[in-house]
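Paired with chain B in one complex and with chain C in the other, chain A is shared by the two complexes that follow.
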Partner chain A sequence: MYKYIIKRLIYLIPVLLCVTLLIFTMLYITPGDPARMILGNDASDEAVEQYREELGLNDPFWTRYFRYLVGILHGDLGTSYTTKMPVAKEIAERFPTTFVMALLVTIFGTLVGVPLGIISAIKQNHAVDYLATTVGLIFVSMPSFWLGLMMIVLFGVKLKWFPTSGWYGPQYAVLPAVTVGLTGIASRMRMTRSSMLEVIRSDYIRTARAKGQTEFKIITGHALQNALLPVVTQIGMAFGTNMGGMIITEQIFAIPGLGKMMTDAVNQRNHPVVQGGVLWIAFATSIVNLIVDVLYAYIDPRLKAQYVSNKKKKAQAPKEAKAEGGAAA
Partner chain B sequence: MALLDIKNLTIYYETEDGVVKAVNGIDLQLEKGESLGLVGETGAGKTTTALGILGLIPNPPGKVKGGEIWFDGQDLLKTPEKEMRAIRGGKISMVFQDPMTALNPVHKVVDQIAEMVLLHNEGISKADAQVRALQMLEMVGIPADRANEYPHQFSGGMKQRVIIAIALACNPEMIIADEPTTALDVTIQAQVLDMIRGLRERLGTSLLMITHDLGVVAEICDKVAVIYGGEIMEYGTLEHIYNETAHPYTKGLFGSLPRLDLDVDRLTPIQGLTPDPTNLPAGCPFGPRCPQHTEACDVKPPYNEISPGHFVRCMLFNDQAINTAGKESEE
Partner chain C sequence: MSKIKSFVAVVLALTMVLGLAACGGGSNGGARKDIIMVTRTEPSNLDPHNNTYLTAFMLEPMIYDRLVGKTQEGEIYGILAESWEYLDDTTIRFKLHEGVKFHDGTDLTADDVVFSIQRGETATGSKTFLQYFDGKNCKAVDKYTVDIKTYNAFAPALTYLASARGCILSKAYVEKVGDDVLAREPMGSGKFKFVEWTIGDKVVLEKNPDYWGEEKALVDKFTCRFVSEDASRAIEIQTGACDLALYITAENIENIEKADGVHVETTNSFEGHFVGLQTSKYPFLQDVRVRRALAYALDRDAIVQAVDRGIAETMQSHFSSSLPYWIPVYSYDYNPEKAKELLNEAGWNWDTDIEMFTGSAGQTFMEAVANYWKQIGIKCHITVSSDSTVTSSEKGVPVYYLTSNANSGDPDHGVFNYTSKSNGVAVYQAEEIDRLLAAEKAEIDPAKREQLFHELQKVLNDYCGLIPVSTPKCVYGVKDDLKGFVPDHGYTPDLTKLHW
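Entry: the complex of A and B
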């Protein structure tokens, strides 16, 4: 298992290398001059040209790319054009906010969505199921920027229950978390429902019934673990995406997270921040994926077998043969 | 009194495409310690009957339309769900057809046996249940050091052994085995059958063996019921069915078996297909395929006892009936 994790971490290196090359190339060919953006339209051409030279923007592509790579290897993601702060520090400042938000959203969506999905699967084609699926469909189809604005209007402006924007305490997290969470609930519910429906028709559930097991234990003890796999995948993917910042939601609620940092940086052609941000998001997503993959092994023992190296399998084979022979005798 | 006495059991599946008449007024008796083979083709209503006994017909679409299932002096169809749960596994347990899918893939083998023990032995500790589970594994010939493995690490035959261990874990009075060997290859089939027979002789458990394999029945059962179109066509001892075969359908089944003692080039299959259970013939369900079909077969044939303990549902034997009273199940 540890071997598998280490292997996956090594695979991370080429992935991240590709990410740097892609994002660097993309920013290289995007129109717009960072020096001009920073100095403003009033600055003279000479000043802009001198600034370009200072930033190293006039060097050839490969020179700039390798300079960037060497920087990364030394733990230096570059310096923000606008704030003059190291990008790594900027990300480190923003990341906790985004991480807390992503965690809140994921927990909220899962704690509500998964039980709803289970209930709706058990009560398939009953009123509860229809209600849950319809509400789920509505939330999944609602764009989060619209939902966010409506939340602000209703709970922030009209009812004044929660602050409308900013990030100064737990109460500020409620509206954005619910906004993104509602979409999460819906997709989590639909995934759980369909996965559950498949599982509760399977033979081993019938076996459990034939044992005289109670319906509650059949669902929680037998069906859920089997139905969880696709749900965990989805939760992991959603969490990974959210870790990159909920770009629109952070913008609407003015949350100083990674998403807001990225949108601002793109607008200002703040290349080092964009590059650093994308690299960090790629890294975080990969780690989350790795965690999800490791979780699989604990949910489904059949998958764990795939992680065990071939060498170990061979060592187990004679034992297997012996047992088989013993059973036949 | 019989351990299991099914009277006029009728089970339909009500689907959008029509009513599937899976079981149509079945009468079956199983004495204590006896083993009864329920033989029939695919779709004859064998599994539905078995699930009906345990109250596990998926509802919807399945529905028990009528009849009685007496087990140990108790009508299972009128037993509340809570008591049924104690009976399932505790008094009647079931061995399912496909060992590949009948075990929960994410639970350890030993836990799946221990679960049964914990459910039907009140106050037993988890450790004791594990010990009992290990004993059961040893009994079906699986070494205890494999107890902590998962079903995917077992071969098909071993999985079926585990399922049998689960079924026997609480010393049930009756086991329903639903085609327990169909999914296994022939050598393993023989092993599993030997094991079932051996365990049954030792433990004295009654057995309802559901199968389409007349060879399996001959090996294991005392009595045989031949089912077709959801009705019992012929019922009797092994002797009655194998040597004094009466019903044309049963004869057809034997005719389609390859025989080692005769030199035949071709088997003689029964012509035609099993009837569509949404649209059964009005008279004898076997009528349209029967080589001895007459006009008399267009009404439902009575269930006649033609010699003591040998029942046949066929017009041909109407005048040979020694006792039709009480066995009439015509609507």
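Entry: the complex of A and C
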């Protein structure tokens, strides 16, 4: 198990290296002069040129890239062009907000989406199923910025139930979390439904019914546990993506998270912050994926068997291990 | 299964704890002792010499004191300066108030003033204003008397000292903590003390109870929040979640007017939106007949109405009518026939395709301009780029969208695009303009300076190096019972006087 985790962590290195090269190249070829952006329109050309020199923007591509890599190795993601603060510190300041948001969104989406998916699977082709899938389709197709604005108009302006922007307490989290969560509900519901439908038809469920097990226990005890696997992957991926900040939602609700940091940084051509942010998102997504993979082992005993060391495997059940190796890959 | 349950339980518990940890602040009922303002942009720092953000220009004078201030009408009044006099054309002697204390309890003396001018003269953010000051030769005569020197006679000196760039820093504090700390933890002698800066969210200030002057802050706490979405900012004031909202856009005005307890206040800005002509680099624009023809071809009133949707006025000179010494001189009223005539007279090649450039902010503006030109048969096409690239690329095209904001309130700041050095792009070998610009800068006598500006505006109109189009209005959303608010032309209202 530990070997596996370490192996995965080592794989991270080339992935992150590629990410740095890609984002660095992209920013390098994007038009726009950070020095001019920072100094503003009324600064003289000489001042801008001097500032470009100070920022090291006049150096050749590879010099800048390697300087950046060396910095990362020393734990230095660079300094923000605008705030002059270390990028790592800026990310650290913004991350808790984004993390809480991502967590709330994921929990909301899961707690509502998974049960809905189960219900519509059990009641397949009934009115409930049609209603749930249609509503799900609507929410999954709705752009979140529009949904967010509608939420603000209804619950903030008309009903005055919740504050509409900022991040100063639990009541501020409701509208943005529901906005992003609703799209999550839809995808989680659809995934749970199709996965459940597959499982419900399998032989062991029929066996369970035959031996007289209650329907509730069949669903929760037997079917759900197997049907949950792809859903867990999906939840993990969604959580990983959200950890990078919900760019548009954070903008609309003025939440000081990573998403807002990234949009501001892109607009200001604040290269170090963009680079640091993307690198962080790549890192966070990889780590969450790793955690999900490890979680799998606990949810699914068949997979756990794989992580047991080879010697034990051979001694215990050589054939079984071989058969499952392909499935897990 | 039980493992999943316990995992879910842990996650839920964690959420609650983090949720509670995220609490704090929020609005409070009863007698208000605080003010919440919502603006568009977060400044990069609050160092008066190292940024060019309007938000910073508002907050810095709350934390720091300046030698002098300037009223809405352009009158200069003393703040730290008890009195001042011109010793000669390039020397102003300031007598400082005694007993002024910085927030850390130390005295503000003439040395701090000299230090601030010297620092500002070369710093990136303040150079444009303070480069005219001769920092090296400024000197503290005694503890409370200071001589400020300018390199040449410089008329806007007091106005520039009254801007946020004229804030007086504590020499000891800056030398102790360094520029990076100063940028994020400003410490001055002003009516408000800096409390905290939540990055991406807000800056909080509190009343300085030991303020040296008689007029202290009227509220205990001031919060400046950053909400970049136009619609979100409008909704904040509409729902009463904030007390003052800046940069209200045309489509949101009606909703705010309809809401209870809030209203909209508008005033003319110090801005100018122009069609920029790159005269110095493109020979075809060096014929004054071509420039005038391009101006004659535009129905500017219609453009202003369509683009700014009623919250702007058509410019009648080369800077905002809110600036002093302004006179209406613009003489190229919409006349497409005359435009064609002038172009033919100049031997215009009707196959010339004029390249136009703008950022997304100026897209509709430039499209309107291009349409009018196309109507008389001029070929042109527009390149639109994201905002960040405008400034770097604009110099490579003959026609571009140009905005200026003379937020210092001095007309000299309003015509900075015309200087033939540095950023001056609109002028090609126009000695008369250069001469007048130098003369108005050097003229200390207001009456004579006014004459020079009148002359300058006429010359600029004849030269027609930029086509002035619109001066947008500053639109503020304000709570009805907020007192002491005066809508400012430069989006930098005096926030120290706000109260309930």
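Here is the rule we use: the second predicted complex is superposed on the first by the 306 of 329 C-alpha atoms of A that agree within 3 Å, B and C clash if a C-alpha of one lies under 4 Å from a C-alpha of the other, contacts with A are read in each partner's own complex, and residues count from 1 in each chain.
As a convention for this text, a residue touches a chain if its C-beta (ideal position, glycine included) is under 8 Å from a C-beta of that chain, and two chains touch if they have at least 3 such contacts.
Treat the numbers as computed from the prediction; the structure is a model and nothing was measured.
In the superposition on chain A, A:Gly71 contacts neither chain B nor chain C.
Residue contacts after overlaying the shared chain place A:Val100 against chain C, while chain B stays out of touching range. Within the superposed three-chain model, A:Gly169 lies in touch with chain C and out of touch with chain B [touch as defined at top].
Note on chain A: of its two partners chain C and chain B, the one contacting more of its residues is C. In the superposition on chain A, A:Arg36 makes contact with chain C only, while chain B stays out of contact range. Contact with chain C, but none with chain B, is seen for A:Phe253 once the two complexes are overlaid on the shared chain.
When the two structures are aligned on the shared chain, A:Gln225 is found in touch with chain B and with chain C. Of the two partner chains placed around the shared chain by superposition, chain B is the only one that A:Gly212 touches, whereas chain C remains out of contact. Look at A:Ile299: by the touch rule set out above, it reaches both chain B and chain C. For the contact definition in use here, the residues of chain A common to its chain B contact set and its chain C contact set are 225, 299.
Against chain A, in their complex, chain B makes its touches with residues 54, 56, 84-90, 93-94, 96, 98, 101-107, 115-116, 119-120, 141-143, 145-146, 150, 152-153, 155, 157-158, 161, 163, 166, 191.
Within the complex formed with chain A, the residues of chain C that make contact are 1, 3-4, 7, 11-12, 14-15, 18-20, 22-27, 42, 44-45, 52, 124-125, 127-128, 179-180, 183-184, 198-201, 225-229, 231-232, 235-236, 238-239, 241, 385-389, 391-393, 403-404, 416, 422-423. Residues 202-204, 206-214, 222, 225-226, 299-302, 305, 320, 323-324, 326-329 of chain A touch chain B in their complex.
Residues 31-33, 36-47, 51, 82-85, 90, 93-94, 96-97, 99-100, 103-104, 107, 149, 152, 156-157, 160, 163-171, 173, 221, 225, 228, 251-254, 256-257, 260-261, 263-264, 267-269, 295, 298-299 of chain A are the ones that touch chain C when the two sit in their complex.
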